[in-house]
Each structure stands twice: as C-alpha cells, then as structure tokens.
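Common to both upcoming complexes is chain A, partnered first by chain B, then by chain C.
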Partner chain A sequence: MNTWDTDVLVIGGGSTGAGVAWDSALRGLHVTLVDRQDFATGTSGRFHGLLHSGGRYAVRDPGSARECASENRILRQVAADCIEDTGGLFVSTPEDDLEYADRFLAAAQAAGMEIEEVPVGVAVRDEPRLNPKIRRAFRVQDGSIDSWKMISALLRGAQDHGATVLPYHKVVQVIRRGDRVEGAVMEDQRSGEEVLVHAGCVVNAAGAWSGQVAGLAGCEVGVRPGKGVMVAINHRLARAVLNRCHLPSDGDIIVPVRTVSVIGTTDHPVADPDDTECSPAEVHQMIEAGELLVPGFKESRALRVWSGSRPLLPKTETSAGAGDREVSRSHTVLDHGARDGVEGLVTIAGGKFTTLRLMAEDTVDVVVRKLGREAECRTRTEVLPGSESHHFYWIGNRQQEAETDPPDDPLICECELVSQHDLDTVVARRPNWRLDDIRRALRVGMGPCQGGFCAFRVAGMLHQGGRYGRAEANSALREFVQERWKGVKVISWGAQARQTRLDRWIFEGVYDLEHLPE
Partner chain B sequence: MGTDAVVLGAGTAGMVAALRLAAAGASVLVLAEGEGGLPLAPAQIDVLGYRPQLVLDPLGEIPGFLDSRPDHPYRLVEAAEVEAGLDWFLELAAPLGYTGNPHQNRLQPTAVGALRPTCLVPETMAAGDLSGGGSVLVVGLKGFRDFHAPLLAENLALARPPSGAEVRARSVEVSLLGDPRDLRPQLLVRRLEERPVLAELGREIRSRLEQEDLVGVPAVLGLERSHEVWQRLQELVGRPVFEIPTPPPSQPGQRLQQHLFRALRRLGGEVRLGARASGYRASGDRLVAVKVVTAAREVEIPADRFVLATGGIGTGGITAGPEGELREEVFGARVSRGGAPEEPLAEYMATQPLDRLGVEVDDEQRPVGGAGGALFENLWVAGAALAGAEPWREKSGEGISLATGYRAARLAGGGRA
Partner chain C sequence: MTAVVWGAEAWAEVRSSLDRCIKCTVCETACPVAAVTELFPGPKTVGPQAERFRTGDHSPDLSVDYCSGCGICSRVCPQEVRIAELNSRARAELKRERGAPLRDQLVARPGLLGRAGRPVAPLFNWAMANPVIRWAGERTLGIHHKAPVPRSTTRTFSYWVGHHAGAKSARRVVYFHGCSTQWYEPHIGQKVTAILEHNGYQVVIPKQDCCGLPLQSNGLFPAARGAVTRLARQLVPGGTDDLPVISSSTSCGLMLKREAREILGADSPELRSVSQRTYDIFEFLLELHHRGELRTDFKPVPLTVAYHAPCQQQNQLIGKPALGILRLIPGLRLVELDRSCCGIAGTYGVKREKYEIAMRVGEPLFADIQAEGPDLVACDSETCRWQISAATGATSVHPLEILHRAYGGS
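Here is the complex of A and B:
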C-alpha cells in the first residue's frame, strides 16, 4: 500500500477543506487533502453562487452577518478572479413588511455592512426586469462567486506550497491508536487501490457528511443536512443579486452567475446528505417565488435544477437557537481531544461558502496549536493563483479569450465558449477525468444545450488523445447523459423541453447510444 | 384566387402530404415557422428498427409491434398503404439514389459506431449496410468536431450483426487543405465541392487504404453536387464510399429538403418559410382559413383543406407549460400523452412523460373535437404531431411521417372539392 506522512490530512474537498488546505500550506504545514469524489461535488458545487454581503443574516443572525461582511471584503482582495462584482439589492416587494425594512437597515449597519437605500425609481431603472411595485430598495455588496473556480484556485495554491490533493479517494478507515487518531486509509474509487496517510492531525472538513467521517473515528458530530433547491434560468435576468427584504424564506434570491441566473433556495431537513432529488413541487415553488422579484420569471427558460445539503449545526453544537433557518449559519471548530477525549482529530462544522476563509483560519489555528507549531494565518492578504491582477471576473471574459484564440483552436462548446485548447489544458492537470469533472472545470455542458452537442465532442477528443479507452469513452458519454437528465427531468417545459427532445434525437436517434457496445 | 390545400409544417410528413396533394391536382401552400425539420435528421428513412428487440423486416413486424403498442400512429395506416408510401418515396427520391427494401432493414454505422437499423438510404450511404459484415476504413477529417473516427471504428469493430458476420474497422484522420478554424458541416460540403480539395482527399484516403473494402466518411460529401462528389471520391479511392450521419445540421437532410421543395414547386406548389401559423378561422365544423404571422402582421390564408404537420414538442408544434399544461399551438387541438408515464423516470433511456405526446386523432387522422367527433371536418394530422410514438428509440420517424402524410393527402382528396 502506498503510504506517506503528512502534517495535516484534510478530509473533504469542498470549500471548507480547500480553504483549510490553502491556509495550512501557507503556514508551512505539509497537507494531504482527499475527497471521495471530484472536488466541489458536495454542497460547495451545489449552491447558488452568492457571495453574501451579510444582508441575508442581518436581522436574525447578526454574528453571521458580521462575518459575511468582513469576509466578503477580504475575498474581493484575494480571489478577484473567482468573483463577479455584481452588487446586490434588497427590495421590499408588495408582500413584504415595510417595518422589517427599517429593522433590516439598522441591523445591516450594526453588522458593518456597506448599505445604502436607493429610491425605487433608481432601482427599477438599474434593473429593468425588477418588479416595479417594490416599495423600498437597499444596495449592498453582494456578488457572485464561482465555486469551482474558487476551490480549484485554493487547491492549486495549496499544491504550489507542497500540498498533495487526491480526488476520488474515499476514507475507508480512520487509523486510531488508543485515544489518538493517527491517519486514515483511502480507497481510490476508480482503481480500487488503497493509500495510507499518517497525519499529525486529521481535519474533518466533510461538511454535511462530517457526521459520517467522525463516525469512522468513533466520534459523534450532530450535523444535520438541510437540503436547498436551486434552478438555473437561461440568461441574466438582473445585473445585481436580487434579494427579497424579509425574513429569509424560500426562493427569495436571484443570483446572476456567469451566463445564467440562479434562483434559490429551499430548506428541508434530510436524513442523507446524498439525497439530491428535486421534486416538481419544489421547482414550481422556486419559479412562482421568482415572479415576485421579476415579473414574467415563469416564462423564462429554466435550464437545470439541482440541490445541495447545508451542514446545519443544531443548538447542541452551538449556542444559537433552534429551527433550521434559526440555527446559526456560523461555524464551530470541534476539538475532539477536548470534546471526546480523542486526540488528533478536529472537525470544522457548519458555516457557509462566503466565510470559508475564516472557517479555515479558525480551524488551522487549532491545528497548529495541537501540532505544537507556531505560524500566523496568511490568508487575509495572500492572493490566490489566477487573481494576481485583482480584476474581477466579467461575463465578457470568455468571449474576449475566444476572439483572441489562435485560429486553429476550435470551439467545442458554443454555449460556454470552451475551446479545445481549454480542454487540453485542464485534462493535463491530472489523470482520469470524468466528463462531469470536466463540466465543473470548464462549464462544458452547462449551457442551454445541456451537453447535446459538446458531450460527444469531448468524449471523442479525449479518446483520440489517448486519455479514454473505447469503453471508457462510451461509459463517460452514457454517464454524462444520465447525469444531465437528473437536472432537467423536472423542468420539462417551454424551450427546455424542446431542447431535451432535440438532445434525445441526437443521443438516441443519430448516435443510437442505447445500442452502443459496452 | 385561393388555395386548395394548406399544409402546416415543412418536415417529411408535411412535404409528403403536400406533394401527394399537388400530384393529385390541388394547389398547395406549405407554411413553416422555421426552415422545416428535414435538416435535423440524417435523411435515412427509418420505418421500424426496435420493438424493442432489433427488427429485421420492418413492414412485416409492424402488426406485431402494434399488439404491444396499440396507441402507436402506425395503427392508423394499413400495411399496404405504408408500403405504397415507401414505394412512392423511392420513386420520388430516385434522383438522390434512394435505395432499400421495406421488408429488409439495413444496419448502418452511426457517428459513435453503433450499428443502427434503417430502411431506405440515399445512394451516398448505400454501401454502408453492414448486415453482412464488411471491412471499413473510417475516415475522420481533422478539425471536424462532430465525428471521431477512432472511437467510431473501435466501437464498430465490436458490432455483431444478426448474420454473425464479422465487421472490421480501422480509422485514419486526414487534413483538408487550409484547415480553417471551426469546421462545420455547412462549410465542409462546400469545400468538398471544390475539385482540388476533393482530389486531395481522395489521394490521401487511397494512400492509406490497406485491406479494407469499404470507406466510411462523415456525411459532408457536397450539397448541390453530392452525386458528383460521392461518385468522384469513389473513383479516386477505388472502393465504395458511404456517408455516416452526423448531428444537426444534417447535410443529407438538407439535400433531401431541397429536392422535395423543388419537386413541389415543379407541381405548382409553394413553400413559405418563416411563416408561423398563429390561429385559424372556422365556420361551424369547417376550417376556413389559417392566420399566419409574416412581416410583423397577421394575415389570413383561406383554403379548402388543411394538413397539420407541425411536429411535436421537438419542433414547437406542441408546447408544454410549467404547470404541465400541453398545447397544440395552432388549433388548440386535444393533446394526448400517448400512454407515457405521468412522472419522470430516473433512467434517461426510458419512456419519459413527454416522449409520446401528440394530437389525439380519430381513425381518419382528424383531431378529436369536444363531443368525440372531429374538431374540423377538413383538418388532418400527419407525422410527429401524432401521439403515441418514440421515433428516436424505435427508429420509426420517417416511416410514420411518410405513411401518415401519404394517407392524409388521400383522405383530404385530390383536386378542388
């Protein structure tokens, strides 16, 4: 069995784990990070993409609001390439209590948010699709953040500082000697081979799955997964993030992300964080809710629906109140030595994407103390790879690149403007790409055609380039088609139903994928 | 003034109905919202390929297929009429060299390398029937993104036709002169109509041939001059050459479309593209006119008889709303789910809720009206607008369109009523 020693073994390759890896590596620790799947496939890759200003939490969870406001400022400095500076609006729709707006403004100011009330006429002028019947509007520092880009930048940064990162490595055993956790055994989900990593400290950064990981070490972590449903709508319906100014509920945020708008979200407790099924009822709830912010929302083309599981912390783990949206969206570092008498294991629980840096800082502060090291956190000022120019991502970036690409570099995905060169660059980073991993890295198959045209191109090119064998290419194609179906099957109406039919004609009619050899 | 028959939709079904009506002496106007459905499809004439097991004799197996699928549109057409429609099509499409036997499916490679059953094919694909095995050199064109010769050849080499005969396949990739960025089928067909480019391609293929007795190429062998391009390439290569269909836009589909449009014009008919039918005017049970949006205004087009061939959800003839409401767009005809399940299934390759949608019709292919009678006595439905089929899985689309379009024209009658 392949075996090595590391200072910190991070379990979980979402935003939390990637943040911990980056922070630890910057402090001079040797890091190994593992995930049972590709990175950012759990909750981090399944949220709406909102970089919180703090407004959403201002009234009910002032601690989280304060954290969001300050972390938002820091991320804009260190991760500009992953962020689009859309700004945000909180608006009182005809159904919202105007008195809440006063409380909201006061709470936002108290949380240190930059906030400004703007006349309704100005808000509607800036956002022509916004409901003209809104009664108040507040401008805040919301943004949109690309989770795949962010996590990829954090991991590349960590790797530049010596970290080892392993996707598709599932923890099958936590090595425990007496009261001490000393490492873990991981199984490569593709080859079946096992690796053993001895670690000075193991960080459980498995988010909604951290209860499962803690269980392997004989500890209990009471994280409750809370499912949130999101729908991506073709086109950007607004320039800024649109929020309803009321106590947070379902379907009250519309986030412009890259080429789409995402509406979110719901909050239902689920037993299993892998339960990502979305029901037609949940989707309709989102679409109906969107009408209140953007009249005519229902007529928009829904591209895809998905859900993710928040890692909610019940009051037994924090001092906050009860009820799902009332549990704090803040985070807690659980030192299992002090808590359960099991040394060498730290769980970072709760939290949210916007505060990933702070979560990592708090976690690694505990880790260095436990390792008996001294090193200051550097992530407040250290700029992530790709963000050196401090230019925010802009929706025209890819068009600009496509126009300056060399003439022999064909586009393989017209929806998301991905060229063959982009594909070659990404697949050179590591072996064994699934088409779905490439989707996360490049957004191939995420546009209106949902892979109808580009999936076969990518599979064919990877086969031709020697990265896929024949059977692998076939199963990659089948798997991708199946995976995409998951996100469109409950939004079969309008233009997307028509697209789904065209895709069916291509996959089954033209290619006859159903009768392709294994 | 006035038109005997208005056909809505310029796909296979609409064009077949229009041509049959025109041949019977009617003045015909075809209206289509877009450019018609033909450029979407590979121009192979599928009749029945899977039920779900592989079908070898499509005409012969339709009755058995209907036993398990009583709601299928083939229930509307007698076997003899399906056959008559196919025979008529073979004659009509003779200039494109269509060939095949309605009682014998052919097994042609797809762009991924599956062996796919189909019934009639144009001459440019005729050599690609691998029912009896064969040894194929698959030729890829460098820079063409929708055709991956190595994967195709490797899959094809594993295909086993029911005859048990062996299929062998090997791939090569060739560069076309100049190799411009973003090679699309629309551009490739024109390049290959240039003699020096074709000559270069032919020489290149010939030099790389080994023992193969067939050459398979992506379906981009010319547009207007496809016969000449295909013929010349065979001479240059010294082996039979066949085209393998690629995803839309389909160049063989384009050729067939142009051929059918021209044939209709020769019979005095007219095709008007970019004309969306937006409504109708009726007098009692009789349809008097369709309303059409052109140049930003709505005009009425009166006619004596009407054929609805706007297709299903894939072409916009039928739409689905967010609440699950289904609508036939022109006449508001009753839409049936055709026996498909109400809720989506997790498995993609299964019958899904919208897969068999279509207009509900009586035995005479007329939309069913309120009291169970016909919605209008002079409106007939043909092709993918009919409920009950899953043509992409069954490989039945063109057969349904041909048979029901052919029959719709017969039911609508010949000359002016």
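Here is the complex of A and C:
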C-alpha cells in the first residue's frame, strides 16, 4: 500500500477543505487533501453562487451578517479572479412588508455592510426586467463567486506550498490507535488501490458528510443535511443579484452566475446528503417565485435544475460540548479531543461558501495549537494564484477572448465558448479526466444545448488525442449525456424541450448512442 | 397571439427570443456576410450565443459590427429568434460605448449630407464623381472611394409639393416619402403622388423629417428614437388617425412598421397608431387590386425588367407585392431575381472596411443581372438601386416608375 506522512490530512475538497488546505500550507504545514470524487462536487459545486453581502442575515442573524460583510471584503482583495462584481439589490416587492425594509436598513448598517437606498425608478432603469411594482430598493455588495475557480485556486495555492491533493480518493477507514486518530486509508475510486496517510492531525471537512466521516473514527457529529433546490435560466435576466427584502424564505434570490441566472433555493431536511432528486413540485415552486422579482420569469428558458445539501449543525451541537469553540454563530470547530476524548481529529461544520476563509482560519488555529506549530494566519492578505492583477472576473471575458482566437483553434463548445486549445490545456494538467470533470473545469456542456453539440466533439477529440480508447470514449459519452439529461428531465418544457428533442435526435438518431461499440 | 408590447418591454421580448435558439445552424447557412468573410463569425454566434455574454455595461465583442443588418437570419430561423434585431442592439451598444466615428455620424444623417450638398448640387455631384476627392473622403471619412453615393438635387421634393395643386378627394392617404425622395430622388415622390391620384386618392404630404433609421443602424439610439417619434407626430396631419400611411422607401417603412418598436424600443401614442397604418406602396396597391379598386388602364411597356426584392422590404413580411402589380402590365417581360442581398444594406457597404465584403455579398445578384442583360433593373430600395447600378452599370429604377410609365407617365 502506498503510504506517507503528512502534518494535516484534510478530508473533503469542497470550499471548506480547500480553504483549510490553503491556510495550513501558508502556515508551513505539510498538507494532504483528499476527496471521494472530483473537487467541488459536493455542496460547494451545487450551491447558489452568491458571495453574500450579509443582507440575507442582517435582521435575523446579525453575527452572520457581520461575518459575511467582512469576509466579502477580504475575498474581493485576495480572490478577484473567482468573483464577479455584480452588485446586489434588495427590493420590497408588492408582497413584502415595508416595515421590514426599515429594520433591514438599520440592521445592515449595524452589521457594517455598505448599503445605499436607491429610488425605485433608478433600480428599474438599471435592471429593466425587475418588477416595476417594487416599492423600495437597496444596493449592496453582493457578488457571484465561481466554485470551480475558487476551489481550484485554493488548491493550486496550497500545492504551490507543498500540499498533495488527491481527487477520487475516498476515506474508507480512519486509523485510530487507542484514543488517538493517526491517519486514514483512502481507496482510489478509479483504480481501486488503497493509500495510507499518517497525519499529525486529521481535519474532517466533509460538509454534509462529516457525520459519516466522524463515524469512521467512532465519534458522533449530528450534522443534518438540508437540501436546497436551484434552477438555472438560460441567460442573465439581471446584471445584479436580486433579493427580496423580507425574512428569508424559499426562491427569493436570483443570482447571475456566469452565463445564467440561478433562482433558489429551498430547505428540506433529508436523511442522505447524496439524495439530490429534485421534484417537479420544487421546480415549479422556484419558477413561480421568480415571477415576483422578474415578471415573465416563468416564460424564460429553464436550463437545468440541481440540488445541494447544507451541512447544518443543530443548536445543541454548537453550544453543548465541553471544549467546543463556538467561534461563530454560523460555523463550529469541533475538537474531538476535548469533546469526545479522541485526539488528532477536528471537525469543521456548518458555515457558508462566503465565509470559507474565516472557517479555515478558525480551524487551523486549533490545528496548529494541537501540533505545537503555532503560526500566524496569512489568508487575509495573501492573494490567490490567478488573482494577482486584482481584476474581477467579468462575464464578457470569454467572448472577448474568443474574438481574438486564431482561426485554427475552433470552438468546441459554442454555448460556453470553449476552444480546442482550452481543452488541450486542461487535459494536459492532469491524467484521468472524466468528461464530467472537464465540464466543471471548462463549462463544456453547460450552455443551452446541455452538451448536445459539444459532448461528442470532446469525446472524439480525447479519443483522437489518445487519451481515451474507443470503448472508453463511447462509455464516457454515454455517461455524460445521461447525466446531463437527468438535470433537464424535470424542466423539459418550452424551448428546453425542443432542445432536448433535437439533442436526442442527434445522440439517438445520428450516433445511436445506446448501441455504440464497447 | 400575445399582445403587441411597446417601449422597453418590446426590447425585453426581442432579447428573450435568444432562449428559443436550439443551435440548429440554419441561420449560419443563410447569412450572406458570413458566407464571404471570416471577419464575421455568423448569426448564431454573434446573435443568441454572444448575447448571453453581454450585460449592457460593456461590449465584449467587436465582430458584430460586421453584421449588415439585412435581416435574412431572422427570417429563416425556424425558432423565431430575433437574431438581426439582437445584433442591431449590440452594434448600437458598441458604438454608444466607443463613440461612433465621424463617418458613421455623417452617413447616418442623409439630410445633413443632402443639405450640405444641395445649394451647390452640381459642384457636389462633381466632387462625388471625382476620384481624387473620393480618395480624400475615404482617408478622412472612411467612406469607400468606390462606394455608390447619391447625386444631390437642386430642387427638393417639398419644393415640388409646394407648387403641386393636388386633387381633392374623400379618399385620402398620407404619403411618407423619406429623405431619399426629399433630397436625392424627388421624381419618385412625384410619381407616387401621380399614381395615387390616378387611383382617386387625395395625397396628403405633411412636412416630415428623417425617420432615424440610419441613426439607428449606426448605433445612435437616443437620436434615432427622437427622430422617429417626431416623424410619427408629423405623419398625423390635423390629428388624422385613420388614414393609411404610404411609404415608397422600404427601409423607412420598415422603421415605422417594426424597427422603432423592436430595435429602438421607442414608444408614443402617435407611433403606435402610425405603425399599424403604414403600408409599402405596392402592398397598398396590391390590396386595392385584390379589392378590384386598382385602375388597370395600362399602356404596354415593351421592356425586359429584372426585379430584385430588397432585404428591408422582405423584412416587412409582405412577400413581393411589386411583382403582383408589374405582372399586370402588358408587354412587360418580368424576370424575378431570386437572390438574397445586394450587399449594401443601407449604409453598410459604403464604409471603407465593409465595401469589399458588400461587393462580394452582391456578386451572385450582379452576375444574374449581367447574364440577363435586362433593359432595366427594378428595386424598391434606393440604396440597393445605387449599389446595383454602381456594380453592374445597369439602369435601375423603383418599380413604381415602371407602373407610372404604364399609366401613361413619362
């Protein structure tokens, strides 16, 4: 069995784990990070994409609002390339209580948010699709944040400081000697081989799965997965994030993320975080809710639906255990040594994507103390790879670049403007890409045609380039297309239904996908 | 059918049409510009696809400027994506942001050019025909030295109207003549008036300014919106709100019928009303004929006439009504030129960087004309006529000039 030693073993390659890896590596620790799948495929790859201004929490949870406001400021400084500075609006729709708007404004100011009330006429002029019947509007510092870009920048940064990162390595066993956790055994999900890592400290950053991972060490973490549904609309209906100004509820935010507008979300307790089914009822609930912010929302082309699970920690977990540090209202670092008498294991639970840096700082503060390697946290000021120029990502970037592409570099994904050169660059970075990993890295197949016109091109090119054998290319294509169809099944009406029809004709009629040779 | 919406809502409707694109590529195969140059990636690419990357704050793409606005893509798209309209908007944003070059400002104001030229028309025409001056024009203004440019006239159409004692009748129409008739081709307006009067109509010709279309196609939207709403007010003389408004310029008619609403997002009560009542001259005459009201006291016209239906008229979605009328004329041998675009597309083909493209777009049409060798080429659009004559040396006329001759005019 392949075996090595590391200072910190981080389990989970979502925003939290990647943040912990970056922070630890900057403090001079040797880090190994593993995920059972590709990175950013857990909740972090299935979230809403909002870089919170804090507005959502201002009235009900001022502590979280304050955290969001300050972390938002920091991330804009250190991770500009992963953020689009869309700005945000909180608007009182005809169904929202105007008295709430006053409370909201006061609370937002108290939480240190930058906020400005704008005349309704100005808001509607800036956002022509916004409901003209809104009665108040507030401009805030919301943005959108790209999970793939952010997590890969954090991991690249960590690797630059010596970290080892392993996708598709599932923790199957936590090594425990007596009351001490000493490492873990991972199974490579593609080859079936096992690796053993001895660690000075294990950080359980498995999000909604952290209860399962803690269980492997014989500890209990009562994380309760809360499922939320989101629907992506084919194009941007607004430039800014649109929020309803009311007590947070379902389907009250529309976020412009890359080329799409995403409406969300819901919150239903589920037993299994891998339960990602979205019911037609939930989808309709979202589509109807959008109407209040953007009249005509219902008629827009819904592109895809998905869900993710919040790693929620009930109150009893956050405040009870002896020795737990309730570092924040929204996330908790569980020191299993003080809590359960099991040394060498720390669980970070709860939180948000927006506060990933703070969550990592709080976690690694505990880790360095345990390891006796105390060092200052540097993530407040250290700029992530790719963000050195401090230019925010902008939706037009790809379009602008595509204009200057040489003619011998054809587009392979027309919807998301991915060229052959982009594909070559990405596959050269790491062996063993699955089509779905390439999608996450490049957005191939995430546009209106949902892979109808690009999936076979990518599979064919990877085959031609010798990366896939024939059978491999065929089954990769089949798997990819079926996965895409799963996401459009419940929204197949109107324009998307016509697209799906055409895609099916292409894959079933032209390629006979079901019967491609193995 | 959903209700017709105006103003900002009309543009929202056009923009959301991008959602209907299923990537079928039909538009790409029909675009005459993409077929002749690599500088233009094609309607699907710059239309529904690129629109997803535009936020309205800052234009990411420049190649959309090579779209000529001919509208063929929008007509062929099986999903009714408003591709050409999306492109028009995107071009406008581009120019608003970067400032339209002087040349665009100039070709966009035919009145200005016409006015500047008029008092010294012979001199102006000489200058426009003089290669040295045209070269200088290309260097300083970016108007291609070979591009067709209209000849200015010493007497405007309004001058003629002022001296014309029109017949009184209970049946009245408003005539919207457009700038080209006013400044360059007043004889067109005279013939329209004669044809309508011959059919028993009183022709009301109010004082009128530019419809704003050239401003629009060069991205100067606020000015264009102002122009078209002013024009609509001028076209309801004495508050008339039920008279047909007859247009003899295809592009100007299209502006009133569709583009003011769909591209400019303009809106006013007069505009809504005028837009509904605007007819292409031949559309109007063909309706008369269908009702049995068109006079058919035609003299034979023993000529071979090749007819080209211009894009801007095709975009009115009225078919080719001129063919229906010209066919009635005895002795006339009518050849339908079944080609899409002559290349000029308003002022597109006169621009330095687009002249060659426009000429290549028009090549199949020019070749057909040369092969046919007709006595006359008939085309409803003035800029297309100038382009066709410049490219082929053929004499080109408005089809109503042929009708006018059949009615005994000279």
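Here is the rule we use: the second predicted complex is superposed on the first by the 507 of 518 C-alpha atoms of A that agree within 3 Å, B and C clash if a C-alpha of one lies under 4 Å from a C-alpha of the other, contacts with A are read in each partner's own complex, and residues count from 1 in each chain.
Operating definition for what follows: contacts are C-beta pairs under 8 Å (C-beta built on N, C-alpha and C of every residue); 3 or more make two chains touch, one makes a residue touch a chain.
Here the structure is a predicted model, which means the values were calculated and not measured.
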| item | value |
| --- | --- |
| Residues of chain A touched, compared between chain B and chain C (which is higher) | B |
| Contacts of A:T266 with chain B and chain C, given as first, second, both or neither | neither |
| Touching partner for A:G296 - first (chain B), second (chain C), both, neither | second |
| Which of chain B and chain C A:Q400 touches, first, second, both or neither | second |
| First, second, both or neither for A:H284, with chain B first and chain C second | first |
| Contacts of A:S492 with chain B and chain C, given as first, second, both or neither | first |
| Which of chain B and chain C A:E508 touches, first, second, both or neither | first |
| Touched partner set for A:L477, first chain B, second chain C, both or neither | first |
| Chain B versus chain C as contact partner of A:C449, first or second or both or neither | second |
| Touching partner for A:P128 - first (chain B), second (chain C), both, neither | second |
| Residues on chain A lying within both footprints (that of chain B and that of chain C) | 407, 452-453, 498, 502 |
| Chain A residues touching chain B - in the complex, by the definition given at the top | 284, 287, 298, 302, 407-412, 452-453, 456-457, 459-461, 463-464, 470, 473-474, 477, 481-482, 485-486, 489-490, 492-494, 497-498, 500-502, 504-506, 508-517 |
| Contact set on chain A toward chain C in their complex | 128-129, 234-236, 239, 259, 296, 299-301, 394-400, 402-403, 407, 414-415, 417, 447-449, 452-453, 495, 498-499, 502 |
| Chain A-touching residues of chain B, taken from the complex the two chains share | 40-42, 50, 110-116, 143, 145-148, 150-151, 154-155, 158-159, 179-183, 245-248, 312-316, 319-324, 344-349, 352-355, 391-393, 395, 397 |
| Chain A contact footprint on chain C (complex, rising order) | 8, 11-12, 15-16, 18-24, 38, 44-45, 49-63, 79 |
